[in-house]
Amino acid sequence: MLNTIFASRPEESSVRENRCDGPMSDCPAIYIRDLKLAYGGHVIFEGLDLDIEAGRFTTLLGTSGVGKSSLLKIVAGLQAPTGGTIAASDGKPISHRIAYMGQQDLLFPWLSVVENVMLGSRLRGDRRDPDRAMHMLEQVGLADRRDALPSQLSGGMRQRTAIARTLYESRPIVLMDEPFSALDTFTRSKVQELAAETLAERTVLLITHDPLEACRLGHRLFVLSGSPAKLSPPISVPGCPPRSPEDLGLLETQAELMGTLLDAHTAAD
Amino acid sequence: MRNATRPFVTAAVMIALWWAIAHLSGLPDYMLPKPEEVAAILQKKYAFLFEHTLVTVSEILLGLLCGTALGSLCAILMMLSPVVQRWLSPILVFSQAMPVFAIAPLLVLWFGFGMSSKIVMAVLIIFFPVAAAFYDGLRRTEPGWLELAQTMNTSKLGILLRVRLPAALPAFGSGLRVAAAVAPIGAIVGEWVGSSAGLGYVMMNANAQVRTDEMFAALLILSAVALTLWALVNLMLRRLLFWAPDSH
Amino acid sequence: AMAADKVTVLLDWFVNPNQAPLFVAKYIGAYEKYGLDVELIPPADPNLPPRLLAAGKADLAISYQIQLSILRDQGLPLKRVATLIDTPLNSLTTISSTGIESLADFKGKKIGVSISGVENALVSAMIGTAGLSLDDVELINVNFQNVPALMAKRVDGAIGSYRNFEVTELKSRGLTPVVFYPEENGVPIYDELIVLANDDNIDNPKIVRFVKAMQEATIYLLNHPDEMWEAFIAEFPELDNDLNKTAWQLTQPRYAKNPFLLDTQRYDEMQKFLVEKGVIDKPQKVEEIAVELPH
Amino acid sequence: MRNATRPFVTAAVMIALWWAIAHLSGLPDYMLPKPEEVAAILQKKYAFLFEHTLVTVSEILLGLLCGTALGSLCAILMMLSPVVQRWLSPILVFSQAMPVFAIAPLLVLWFGFGMSSKIVMAVLIIFFPVAAAFYDGLRRTEPGWLELAQTMNTSKLGILLRVRLPAALPAFGSGLRVAAAVAPIGAIVGEWVGSSAGLGYVMMNANAQVRTDEMFAALLILSAVALTLWALVNLMLRRLLFWAPDSH
Amino acid sequence: MLNTIFASRPEESSVRENRCDGPMSDCPAIYIRDLKLAYGGHVIFEGLDLDIEAGRFTTLLGTSGVGKSSLLKIVAGLQAPTGGTIAASDGKPISHRIAYMGQQDLLFPWLSVVENVMLGSRLRGDRRDPDRAMHMLEQVGLADRRDALPSQLSGGMRQRTAIARTLYESRPIVLMDEPFSALDTFTRSKVQELAAETLAERTVLLITHDPLEACRLGHRLFVLSGSPAKLSPPISVPGCPPRSPEDLGLLETQAELMGTLLDAHTAAD
């Protein structure tokens, strides 16, 4: 019943299970090995191994406070792990080719919406691309607020600006931390599709709390749970993102995911 | 301070207050001259005072310009390198604790009797509030913005100029406001080191001969200059900081 | 004509009638006559000129005889080359309302000083004639604020009060000054204002020309005091007031008629006095601290 | 500045630099004495200098205390009432534009040659940076916190004391740092225009008698006092502001 | 399928449709009449009428940027409307008996978690109630982080602290703006139940983007949509909150709600 409503984008599921287009030529996979993070004596996770496949969406779920954002920050090079290694499959450093969107929107209050979208160009001193920025803003439905200041936006509008900023970056590796949490169902679904299209063939690590979102967008899903946290075995979703919420494969995966989450949850209690 | 004219209203009230104190307290003229006496001096020596005011105003403006530039530079250098910060900041404090007259001979020796030694002095007084406030502002940048900038491959300089710097503008504003208020002192102290022009010179001269009314006339002009300067800086900052929360 | 030689002179203090001959020389063209282009610079801190002179930042500086002994004692390479005012102007002054009538009355009182060392020695010698020592009085640094400090009763007496200025000022404020003169109370007579030059520069012929101009100016001033007063206040309108006018008249007799002349014995005695008072370590020979230029 | 001892290391380096300049520049002793001469004086006149240091230190501390209190009070009053702010802030600027050096002689006449005139002087110099920085900090409170506090029926005073005040502590810290650095100058200027004790008095005397070595000894002690004060303030602020982002 | 997983709290639906317990004695209804809000010339909403029933959960949904948060702020007295009136049914002022939770957590960075929870008492200068605060923290699963600073918390933990702070307030009127947006499915469901229990019989206005959440917690649901925005007719949910996600009435309402949302959405496009 619920799912029939998302009838906007019916799509044949691809024949090759779980593989749609190949990765972009310069999109590396990321290998996480034996990662450990502890604050003081408190171990958040330990012995974590994870392969983030090249050119695919990897989705990470888990209870609040389990260490998802920390993991993302470590991959982004923003935080040093207590132990372990992170490497790209091509051996080159990771940190200079990522687009990162944190749990907060982090808009710059002194820049207008469109300038916030082009923040990367501004910060690097590159040539700005207003056309591209406006295209992104149109896609997230904020074209008419291009000159507004962040303080004049609603919560969801701020988040959409941050998404536009992340997509504008056009990087081979994209790391996103609950990017759609402040959006209503329909706006969310539209922006999810935008992200899936724009980021197809990129190496994406996406944190989300919404199982449906995870199943619509992810090629592989992981659940982080426990204390110290461990990763679940990967759950593969058939078909190419963005999947229609009607998609049968999606519904099955969602059920499997809910099971995994429930296990994680009851184990934690 | 909606209204740029308000300071002048306050000035009027203060003059009235001064009038009352001077007339009712029975303080002798050499301790507190009466406003009407000072007004008479202002009128009589109009041209003379105006000439010296011009000198001081140009010293103030130059001092403020150089002091702000130097202060900002110090703050930025300290921000760019923790090593610089560690070595520079005690020197800055030291430069403040140093009483001017102790180094006045050296300054005159190095910079001569002309305008430059006055400006050096003004700069010495001005640059510290600017440097301190600006540096504190630069340091207290929202860590999330810095992280975001880092993921965007921003160079160290880029982070400084395009993230920390705009974020620190409110703090810089605080420093600049203080600087604008103390800039006149800088110029006056500079004139004190040795000069034959400027309001500081007029004041010292008047003081040496116990012509308190003339001293107050110069003081009054100086205050008017300071208030104007401060109002201008305030106006400019209000424009610049349109985005910063200001809940009054 | 030849280009005039530049001469930089650091005054002892703000412009005031004590320095009148230096300005008069300008008004009557005496500097030009001797081929000089003279710049007179007033300092705000009277301690600054000798040091700058020693550092070669000026050609000449106006200072005080007693100060010279101290400067020389500290190794500053300076010598007296001319005299501007050849009698003491300093005094220990009080006002009648304090009830002090003799030096002995200063026992237990506050005395304002501005140049410690020198003035401490003067006070010590003066009250010494009344059997007091520095332990019997409290010395307070008033930083040249003698008149206000006396009027506001922050001190009971003040050394460093010039008889042509501070005393006049006190009178003009309707007070009755009580003045004790150093040279009448245990202090050897001395030159109040003298002109200093750097040791390295002492043979520079332009100094002789400068002193000659000074001498001509002094004589002219003696003959035309009112005319010169008008010229003076034309240059310094801010100084046009009764106090300066009176001081101008009172100072007339005090300028050294021949600025070249050096009273060797006077310098000798002052050296002894200062050694005795512990202000300087050992007396220098007069020729080390003062010269009489050929004239 | 991880380490509170670092300023003293810097001081040591600066002394080394001074030694080099004094020995190599050929500047005569009466312009720049050599460190070893100054050290000798420090040793010889130990007790004498110590006694005068005590006077100055107590003036500085009292001045800093009163100045900070007065500055904070001004900031809080201005924050509490826009009317007060409108009238007070020009007066504050005015009080700064009034060069303390120029009115110092008058202040001495008003407050006497004792301790009080020095403290007044120090307060005049100190309170403005504190007031300006603190007021700016109070004004720039995150509007969301104010709204939240409002929904919690917080009184005006409660908002000021429990929301704006802690939120403005970093800005207050900036002001206090400047104040700590300039406090010594306030006391010294006070001593300079009239006193019979204190490091400023010692310096004046030494300066008048061209005992440059003694003057530099006093200067050195003063700098040490200033650096210590600043280090203490810094340490205290670091404790107090444990929660504020500080990205160096 | 999805719903079977939420089996934690099966509950008989109450007989009296849509009415469970009566309102607390001092819980007023709130009447909004002819409300208008415009920024500059831009009208956000106009002629808005809404009855927020006493002692019930009223849930507000709507596209991002439509004006939900603004409406909540106006009710809270934090923002002046351009026109219209807001009144409590008992005629007394509203603003001094609300607990408000904004879209941002607004934790005070210099206070520990437990002190943030007791913020209301601190700000008013009241006696603090650490037992109550700890009870709230236990309920949201943060008892062991009581002394942490906000900067040491994850995004979801911050939000839970803010929820605990709001519930600690114990006010007759509670206004919450997307209070559970940063929580994972299970934590969210638990905290929803906590809120439903703690706030039963209070007058609650809740903004959410999650239709399921709206249906679990709300007595009446409204959708704000259009530009200038209009309110949909109320949708009543049968049964008492928190409803089990299995609840049949809930499922029906959810379908109705999705329909309304879809209408609103397509109308806006």
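Chains: A, B, C, D and E, in written order; residue numbering restarts at 1 for each.
One rule holds for everything that comes next: contacts are C-beta pairs under 8 Å (C-beta built on N, C-alpha and C of every residue); 3 or more make two chains touch, one makes a residue touch a chain.
Note that this is a predicted model, so its numbers are computed, not measured.
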Chains adjacent to subunit A and to subunit C under the stated definition are B
Overlap of the subunit B and subunit E neighbour lists contains A, D
Per contact tally, chains sharing the most pairs are B-D
When centres are defined as mean Cα positions, the distance from subunit C to subunit E in whole Å is 87
So, in whole Å, the Cα centroid of subunit B is separated from that of subunit D by 16
Averaging C-alpha coordinates per chain, one finds the centres of subunit A and subunit E separated by a number of Å equal to 28
Between the Cα centroids of subunit A and subunit D the separation in whole angstrom comes to 52
Two or more other chains are touched by the subunit C residues 51, 55, 148, 152
Among subunit B residues, those touching two or more other chains are 30-31, 101, 105, 109, 142, 192, 204, 244
Shared-interface residues of subunit E (touching two or more other chains) are 104
Contacting chain pairs, sorted by label, are A-B, A-E, B-C, B-D, C-D, D-E
Seen from subunit A, its contact residues with subunit E in the complex are 1-2, 5, 39, 61-65, 67-70, 103-104, 152-157, 159-160, 177-178, 181-188, 209-211, 251, 254-255, 258-259, 261-262, 265
Subunit D residues touching subunit C in their complex are 27-31, 105, 108-109, 112-113, 191-196, 201, 204-205, 207-212
Seen from subunit D, its contact residues with subunit E in the complex are 142, 144-145, 147-155, 158-159, 162-163, 166-167, 169, 243-245
Touching subunit B in the complex, subunit C uses residues 13-16, 41-45, 48, 51-52, 55, 57, 144, 147-148, 151-152, 169, 173, 237-239, 241, 243-244
In the complex, subunit C touches subunit D at residues 47, 50-51, 54-55, 70-71, 74-76, 114-118, 138-143, 145, 148-149, 152, 154-155
